[in-house]
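What follows is chain A paired twice: with chain B in the first complex and chain C in the second.
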Partner chain A sequence: MNQLPVLVLVLPLLVAPILLLFRDNRYAYNMSLGVSFLNLLLIISLFQHVYENGNMLYELGSWEAPIGIRLNADLLSCYFLLLMNFMSLICLIAGHKNVKSQIEDDNIYLFYIAWLLCNVGFSGIILTNDIFNLFVFLEISSLASYFLISQGNYKASSLAAIQYLFIGSIGAVFILFAIGILYANTGTLNMSDLSNKIINNNISLSMSLSIAMFLIGVGIKTALFPLHGWLVRTYTYAPSIIVSYFSGTSTKIGVYILLRIFLDVFHSINPLEHYELAQLILFLSLIGVLLSTLYAVKQIEVKKMLAYSSVAQLSYIILAIALLTPEGLTASLVHVFNHSIIKTGLFLVVTILFINNKDVSIDDFSGLGSKYPLLMSAFLLLLLGLIGLPLTSGFISKWYLVSAILQSDYWYISVVVLITSFMTLFYVWLLIEKIYFSVSVNHDSSIPTISQSLCIYLLAAITIYLGIETSLTFGISDQISTNFFYNTNK
Partner chain B sequence: MIFILNMILFLLGLFIIVRESNLIKKVIGLNIFQSSVFIFYLIASKVEGGVPPILNDYQLVYSNPLPHVLILTAIVVSIATTSLALALVIKIKQKYNSIEENELDKI
Partner chain C sequence: MKHHIILRIVTKLLIPLILLFGLYVQFHGDFSAGGGFQAGVIFAAGFILYNIVFGLDNGRSILSSNTAKSLMAIGVILYIVVGFLGILLGGNFLEYNDLSSTPIRGQLLGVFLVELGVGLTVSNVMVLVFYSFNDISMEKQ
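Moving on, here comes the complex of A and B:
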């Protein structure tokens, strides 16, 4: 039981090089599926353990904390860990057929190895309690993701990958610099130790430089408004299955780092309140929501439309965090979970139906409602969740978001949220209209396999389930934000 | 003083990545950018009058060895990034027969 946190990381890290030796596509797929499944089981039992008994610490090599590296599984980590690994497993199952047809045969086993490594990187970022380890895991996942993106069968895929490489590396170097300044100031790299030691330091000039650099680095990762350009570009040219996977994980990792650094490590000086940083972030994310929703309405290409909608939804999440109230944090955590499920589901439908079609336009959806009635009704449910209609999980997160805004000092922001939710209706309606009220054109959509459709149904069912029974999302998020803000049993 | 030189290096690297349109030059810029942070770590680890941390009886002031170890890790990461970037540049060159970004964006 005590070994659980480290097993989550070691298992895929062990399997990945073994797969490299075998060089067998089928074997690679089966093994990565098996490892992901096993990992999910481990994480669920870890979650249960943490939920009942509180934090779970693991000292690597039995070196005590400030000297050795420690893994720390608290509720926040388990929440994100569960989300990431669930998404990875679903996408692995649903994407098998796509990978076969989109990726070159010689590269398929490498593709799955990179996928495993990417996921280990995410899990490592979430679990580690050592701030330098966070950087290393960030780079592991980023390097794997650059490779994954470059495997798309568009002409511009390599270009999109290298541009993402440049911007991602800039972000990582900013984070590295910020870590260096922190270390120079406090002499420790352990996060719990850091948050204890930062109390004594008032905010010095170097400390605020470190905060600014963290903000830039994390902002790039989360696609915070002025830094969001890479997201749309990569989402358009990456292999579509990778887009589905990243839409639920890659940007959410940025949100996790933001929470970990700004609310946990800098807990005692609360940097977001200083220099009106929270106001700045609020302002930026408001512009982000408005502009990207506008762009999403204008798009005729479905993947681009969903990518812009992702930027908008991420801005909601950041906005809720920047309110700096426990309710805001709860709302953002709930929205992280719900949005991941919904957006991954939407991208998966596009992925599954149009294996070979490179640019999926809205017109390609016309008449699909009668062709695949069940799949399209699941798609419809996910779309309704994106708008935030009652009985879907989207409604729950919008509800908590708006009520958190109303309870804070910035009640007028809720107007923007309502307007943009209404604008979401525009582009979602375009799709719904094509699907159900339009004559079928001869399209080259491919027939989904049973396992693929089952994944979509599962995601749609979860959307409904989380819209009715919120103890998993709201219950856990509420507990996390209470821990953060009132510092009980930390 | 040395910090200021280091910051100049940092900004220079960032400037090259943002401004240059040749992808190889961008990779070089990325390397300069990363190196400036490595040097920052090493400067921060230097203790006035400190010697390398080898245990003996008469020297008591040591420089901090930990940043060196951290930077070794970061250098490995930087090598991996560079090699991946160069591999991607080769692929782009094969596909488009050009590595100038402003030309590539038009295609």
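Moving on, here comes the complex of A and C:
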């Protein structure tokens, strides 16, 4: 039982090089599916353990922290860990057909290896209690994702991967420098130790620099408003299955790092409040929400539309964090989970139905409502979730978001949230109109397999379930934010 | 490269020294500066020098890119398997104390094996990077 945190990390890390030895595409797929499934089970039992007994520390090689490297599984990490691995497993199952038809035959096993390594990187970022290890795992996941993105069948895919590489590396270098400054100032890399050693009254200029660098680095990773350009480009040119996978994981990792660094490591000086960064972030994410929703309305290409919608939803998440109230943090955590499920589901539908299309325009959806009634009703549910209609999980997150805003000092922001939610209705309606009220029927779409459709149904069902029963999302998020704001036993 | 007799002779003299130094850095890492990563790079540098001077065909007949890929994977597997041994022997991941009769010997053995894995992986990655740059320039011609 107490080996769980390390097993979650090491099992996929062991399987990845073994797959490289065999170089067999079928075997690679089956093994990565198997290990992802096993990992999900391990994570669920880890979650249960942490939920019942409080957070779980694991010392690598039994060297005690702060000298040794420690893994720390608390509720926040389990929450994100569960989300990441669930998304990975769903996308692996649903994307098999796409990978076979879109990726070159020689590269398929490498594709799955990179997928596993990417997932290891995400899990590592979430589990580690060592700030330098966070950087290392960030690089592991980034390097793997550069490869994954470059495998798209567009001419511009390699270019998009290179651009992402440059931007990602710039972000990573900022984070590395920030870590270096922290290390020079405190002499430790262990997060718990760091948060004890950073005390309110000795904030030097270099420490402020470190905070600023963290903010920029994390801002790039989360696609915070002015730094969001890479996201749309990447989402347009990457293989569509990778877009589905990343929409639920990659940017959410940025949110996790933001929370971990600013609310946990810098806990005692609370830089978001101390430097009035919160207002800056709030302002930027407001512009982000407005502009990207406007852009989303304007798009004809569905993947681009969903990508801009992702930027808008991420801005909601960041906005809620920047309120700096426990309610805001709860709302953002709830929205992280709900948005991942909804957006991955939407991207998966696009992925599954249009395997061979490079650009999927809104017109491609015409008449599909009568062609695939069940699949399209699941798609409709996910779209309604995106708007935030009652009985879907989107409503729950919007509800908590708006009520958190109303309880804070910035009550007038809620107007913007309501307006943008209404604007979401515009572009969602364009799709719905094509699907159900179009005379012509698009016959080019590919036929989904049973396992693919089941994945979509599952995600749609979860959207409904989380819209009614919120103990998983709201219950856990509430507990996490209570721990952060009122409790000091970390 | 047939005419560059000085280059060839000097390279032949240098390569054993470079490889020896690589091995020294690898196995002496626990007492002085060094370790698997540095050793891997030095070792690969020796092999890449051989490739540059005597041609890639000769180089690939010694170490094909498929073999290099497998060795790269084996290095990582070695690292993780040693880590798992710690768990199997009742400790934590990467705990070497129980690998041998005394904890100190266990630590020595554990570090030795893990660094061997690191060295193997790093040197083969270096060689593979070199090979793939060559492949790209070949494709362009």
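Please note the rule applied: the second predicted complex is superposed on the first by the 483 of 490 C-alpha atoms of A that agree within 3 Å, B and C clash if a C-alpha of one lies under 4 Å from a C-alpha of the other, contacts with A are read in each partner's own complex, and residues count from 1 in each chain.
Keep in mind that, in the parts below, a residue touches a chain if its C-beta (ideal position, glycine included) is under 8 Å from a C-beta of that chain, and two chains touch if they have at least 3 such contacts.
Since the model is a prediction, treat every value here as computed from it, not as a measurement.
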Here chain A is shared; do chain B and chain C fit on it together or clash?
fit
After the superposition on A, what does A:Val173 contact: first (chain B), second (chain C), both or neither?
first
Does chain B (first) or chain C (second) touch A:Ser62, or do both, or does neither?
second
Counting only touches as set out at the top, which of chain B and chain C does A:Val6 meet: first, second, both, neither?
second
With the two complexes superposed on chain A, say which partner A:Lys155 touches: chain B (first), chain C (second), both, or neither.
first
Counting only touches as set out at the top, which of chain B and chain C does A:Leu143 meet: first, second, both, neither?
first
Rounding to a multiple of 10°, what is the angle at chain A's Cα centre between the Cα centres of chain B and chain C in the superposition?
40
Counting only touches as set out at the top, which of chain B and chain C does A:Thr449 meet: first, second, both, neither?
neither
Which of the two, chain B or chain C, is in touch with more residues of chain A?
B
Using the touch definition from the top, say if A:Leu20 reaches chain B (first), chain C (second), both or neither.
second
A:Ala184 in the overlay: touching chain B, chain C, both, or neither? Say first, second, both or neither.
first
Could you grab the smallest C-alpha gap between chain B and chain C in the overlay, to the nearest Å?
6
Which chain A residues are contacted by chain C in one complex and by chain B in the other?
none
Quick one: in the complex, what on chain A touches chain C?
3, 6, 10, 13-14, 16-18, 20-21, 58-62
Within their complex, state which residues of chain B touch chain A.
10, 14, 17, 23, 26, 30, 33-34, 37, 40-41, 44, 67, 70, 73-74, 77, 80-81, 84-85, 88-89, 91-92, 95-96, 104, 107
Contact set on chain A toward chain B in their complex
132, 135-136, 139, 143, 146-147, 150, 155-156, 158-159, 161-162, 165-166, 169-170, 173, 176-177, 180, 183-184
The chain C residues in contact with chain A across the complex are 69-70, 72-74, 76-77, 80-81, 83-84, 86-87, 91-97
